[in-house]
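Heads up, the next two complexes both have subunit A, just with different partners, subunit B and then subunit C.
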Partner chain A sequence: MIDFRMPSLGADMEKGTVVEWLKKPGDAIARGDVVAVVETQKGAFEIEVFDAGVLREILVAVGNQAPVGAVLARIESIGAGVPVGAEVPPPAPPSPTRAPPVALKPPPAAPSGERLRISPAAARRALELGVDARGLRGTGPQGAITIADVEGAAPKPSEAPTPPRRGFDPSAMRQAIAAAMARSKREIPHYYLSLPIDMARSLEWMSAENARRDVEHRLLPAVLLLKASALALRQVPQLNGFWIDGAPRLSQAIHVGWAISLRGGGLMAPAIRDADRLSLDQAMAALRDLVTRARTARLRGSEMMDPTVTVTSLGERGAESVLGVIYPPQLAIVGFGAARPSPAVVEGRFAVRPLVHATLSGDHRASDGETGGRLLAAIDRLLQTPEAL
Partner chain B sequence: MTAAPLKITYREAVKQAIREALARDPRVFLMGEDIGRYGGCYAVTKGLLQEFGEERIRDTPLSESAFVGAGIGAAMAGLRPIVEVMTVNFSLLALDQIVNNAATIPHMSGGQFAVPLVIRMATGAGRQLAAQHSHSLEGWYAHIPGLKILAPATLEDARGMLWSALQDPNPVLIFEHVNLYNMEGELPSDAGAVPIEGAALRRQGRDLSIVTYGASLHKALAAAKQLAGQGIEAEVIDLRCLRPLDDATITASIARTRRALIVDEGWRSGGISAEIGMRIAEQSFYDLDAPPMRLCGAEVPIPYPKHLEDAAIPQIETIISAATSLVRPS
Partner chain C sequence: MTDTRLIGRLRQILSDVAPELDVAAIPDEADLRNDIGIDSMDFLNFVIGISKQLSVAIPEADYGKITTLAKCADYIGRSKTVAG
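Here is the complex of A and B:
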């Protein structure tokens, strides 16, 4: 049996609420199938499964909350499942009290063949309170665990529990952002670099390219910035990955977390997977799809777990430059301001050129300014030959 | 404005209900064994022959099948008969009339014939009348679609259910527990008809729900009073009507207390308490903090000797003990 667990959809996530099961016990499951929708402070996410098999048992019913790592369902495996992203170990959900990285022992199960004796009402209460009923002493008929036993074992809440809310909750997202950003500034010693990049060639090439395209296949400047950043990270891999257990853990795959601001306020940065390997058309399609789904709160869980780096682009109406805050446990965030006609020196003469201020915030524990500078320079170089992107 | 309460027995409350029906509706008449000259074997109808005459208070031969059948015919023809069967044990002789005719004719005639018949029967143990006069078979009748099964346990219901039953176009069976006839209490002098659907919450509590009816209601209430002294607060539900059962009142109570004890004089196997227990399992499963429990009659013919008869049916002490084991298992 494989445990299907509540995933960590970001450094700031502690728990989630199951809002929908898309599979029921007995259903066959293929690797990559979306089996559940989980609601977090950042909205609802579709959760995929990375094993093939048959869904045997749902342990957390719709409407119930579970902490990160809690078993949501059990899947009977058909052949061994291959871990996703075999080349990159997925980031462990960071926890304030760090557990030693030893092989996990399975949780102590009830003696085989013997089921936990717990009343139906107590079982439901245990789920609500997140209490692990195994190991509790039952005081009910025939030693069964009762509601009182479960409630006695629950941690005393410091405040009245708020009922689970459905749908996007801006105040909850604000709290999630607050937690992640505060942690970032508390733990990560940032360094900041910036470089104005001349976008004239890129924009000219893009205009010519768009002139031959119908409206729905036109490119946006954002996709050039995305692709250039991803390719530059291939050349400077020291900035792509995570800081885990006191050491950098670099990733070969480049999954760019693209910062998307939401109309109701708040933002998220879901992944465009393998952005360096996408054609511009593929990257454009991925970008459109991601923005649409982020704004309708239908992202997949893996998209929140995967990013190895974040890119934030302020767009045409934004500020001149942005000095980003790194999303832990990532190592860097690349920022782009708005492209504006600005005075520039070209071949020794003043000229008016569309400049974009590219910035980098790097984790100084993992890299130094010299490395960061190489990344910005690589982005600049790549944007001067847009036809090669 | 409520009139001053009268001190009254259950027997007298039933009699007042019958008198009111006879006085209000000329179609109502009474029929049964020894109900006229003798005044009824439990003295419920004493004096009614003198008051209303032989046309309307009719002594019958000892032939349940014949006079229940005559009652069905009279009801179909437009009268409002009240048929008294001496005990539920004797009603078995009229099972064919009740189950095959009364319960089915409205259905089989496509609604052309109503059977507005009321049958009153005594039921239950406790009067040392032995195994052929003491059983609680109302649960059997609650199995039959087409019948409405009432079990008045209080003076209000004894006084008020009959008139409502007579207004019902379908056959209604009223089960009067023999141990209730002498029960005395106060009733408003203007007490009248009561609804004949729905259970009643007779006591509120937080620790368990005791579901019962008939004479067992009063044992359950006495037990609940003693349990309260031990810190166990029992909710007590009087079913009042065994068919149809009031699921909503039961499930709402269990949602509060999370434990259910069903108390029923009838035998456990295949009884009405089995039906109630299964409904609880179906509808209240996730509210239950303990398995539903039944306290039923011992599976023997009701014995004649007093101490054995007492031991064969639920008593206050056994209800207390069952409730305690449900709430505080040792």
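Here is the complex of A and C:
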């Protein structure tokens, strides 16, 4: 029997609320199936299992909260492997507490005494249609509100209001970031390095490449920075992994946590898995997909757990450089500022070149500046031959 | 001259790209990147949306000419005229 536990979706997470079970006792489960949806301070995430089996027992019902590591369900294994969350050391015995009623963010209205029975799909539809689900009579199992109930209550298209935004609670998100960043600065002795990188070759190559591509297959500078960082980490693996129990634990796989800012405040860094092995087109597709899902709250829990390093790019209009705060227990964060035309010396002469300030914040317990410097130099070298990325 | 119907369609495309934005509140003359917080990925998705829904492929070199909804509508109006 395997314990399916509340996963830790980041250093900042202490507990989560089960908002949906997608499987019921007796259901067969295939590796990679999403079995539950868990709501955290950073929004709702789909939780998969990495094992085949049969769901035997659900221990934490929908609407209830449980600490990280608490057993949510038991799965009878029919294969080898580890369920998501199994690596989390079990903390204090689970003591599920009653959670606030709903997963969706309702508009301010009359307080409801009892929990709303509504599936996330129906809740999502309600948000899209601007329907206050709490006023509805459910026709689903045990009076649960279904998509049909929601759609039946929606205003006719001509009178439909602008769809409200699906999102997250900015103040809860702020708390989550505060906890992780405070822990980082408390525990991790950061060192900081920076290197201006001449992006002329990369940007010229990309412009030429984009000119002959149709709109849908164009690349962004971000994808070159992502791929160069991932390949550089292959050369300098000391910065890819985690600090756990007083020692570095390096990772073979390079899963880049890509920092994505959310409108309305807040930040996430979900994983682009095996970023070093993706072609630029694959990396571009992965990046677009990830950004879209991050901003519409449709990420998977494993994407929050997997990153072995973080890369943050401020985009073309931001500040010149960023000295990042490491996301614990990772070992490093790579940062890129905006590319700006700047004075540079090229072959002994002054020239105006598009420079990007690449930075590295490293955990000094795990590596030294010499190692970090090699990573930045490797990124620089890789960006001088963009066609090889 | 500004084509309000075309701007309406552009608003809808922008809303598909960034559903969490209140696109109705974006002034025609607001700079999408600097004032509204549209990033390079959103902007590329906006250009893709224009290509799919309005059949106008905007080259990367012309991104500087479509920084606001009004400018974008003018640009599209002109390319449609040129295309016949």
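Definition applied: the second predicted complex is superposed on the first by the 303 of 389 C-alpha atoms of A that agree within 3 Å, B and C clash if a C-alpha of one lies under 4 Å from a C-alpha of the other, contacts with A are read in each partner's own complex, and residues count from 1 in each chain.
Here is the rule we use: contacts are C-beta pairs under 8 Å (C-beta built on N, C-alpha and C of every residue); 3 or more make two chains touch, one makes a residue touch a chain.
Because the structure is a prediction, the values reported are computed rather than measured.
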Partner chain in contact with A:54 - subunit B first, subunit C second, else both or neither: neither
First, second, both or neither for A:316, with subunit B first and subunit C second: second
Which of subunit B and subunit C A:296 touches, first, second, both or neither: second
Subunit A residues touched - subunit C or subunit B, whichever exceeds: C
Contacts of A:195 with subunit B and subunit C, given as first, second, both or neither: neither
Partner chain(s) touched by A:207 [first = subunit B, second = subunit C, both, neither]: second
Subunit B versus subunit C as contact partner of A:139, first or second or both or neither: first
Of all residues in subunit C, those that touch subunit A in their complex: 15, 18-24, 33-34, 37, 39-41, 44-45, 47-48, 51, 57-61
Interfacial residue positions of subunit A with respect to subunit B in the complex: 119-122, 124, 139-142, 144, 146-148
Complex interface listing, subunit B residues touching subunit A: 258, 285-291, 325-326, 329
Partner subunit C, residues of subunit A touching it in the complex: 162-163, 165-167, 207, 210-211, 214-216, 218, 220-222, 261, 263-264, 287-288, 291-292, 295-296, 315-317
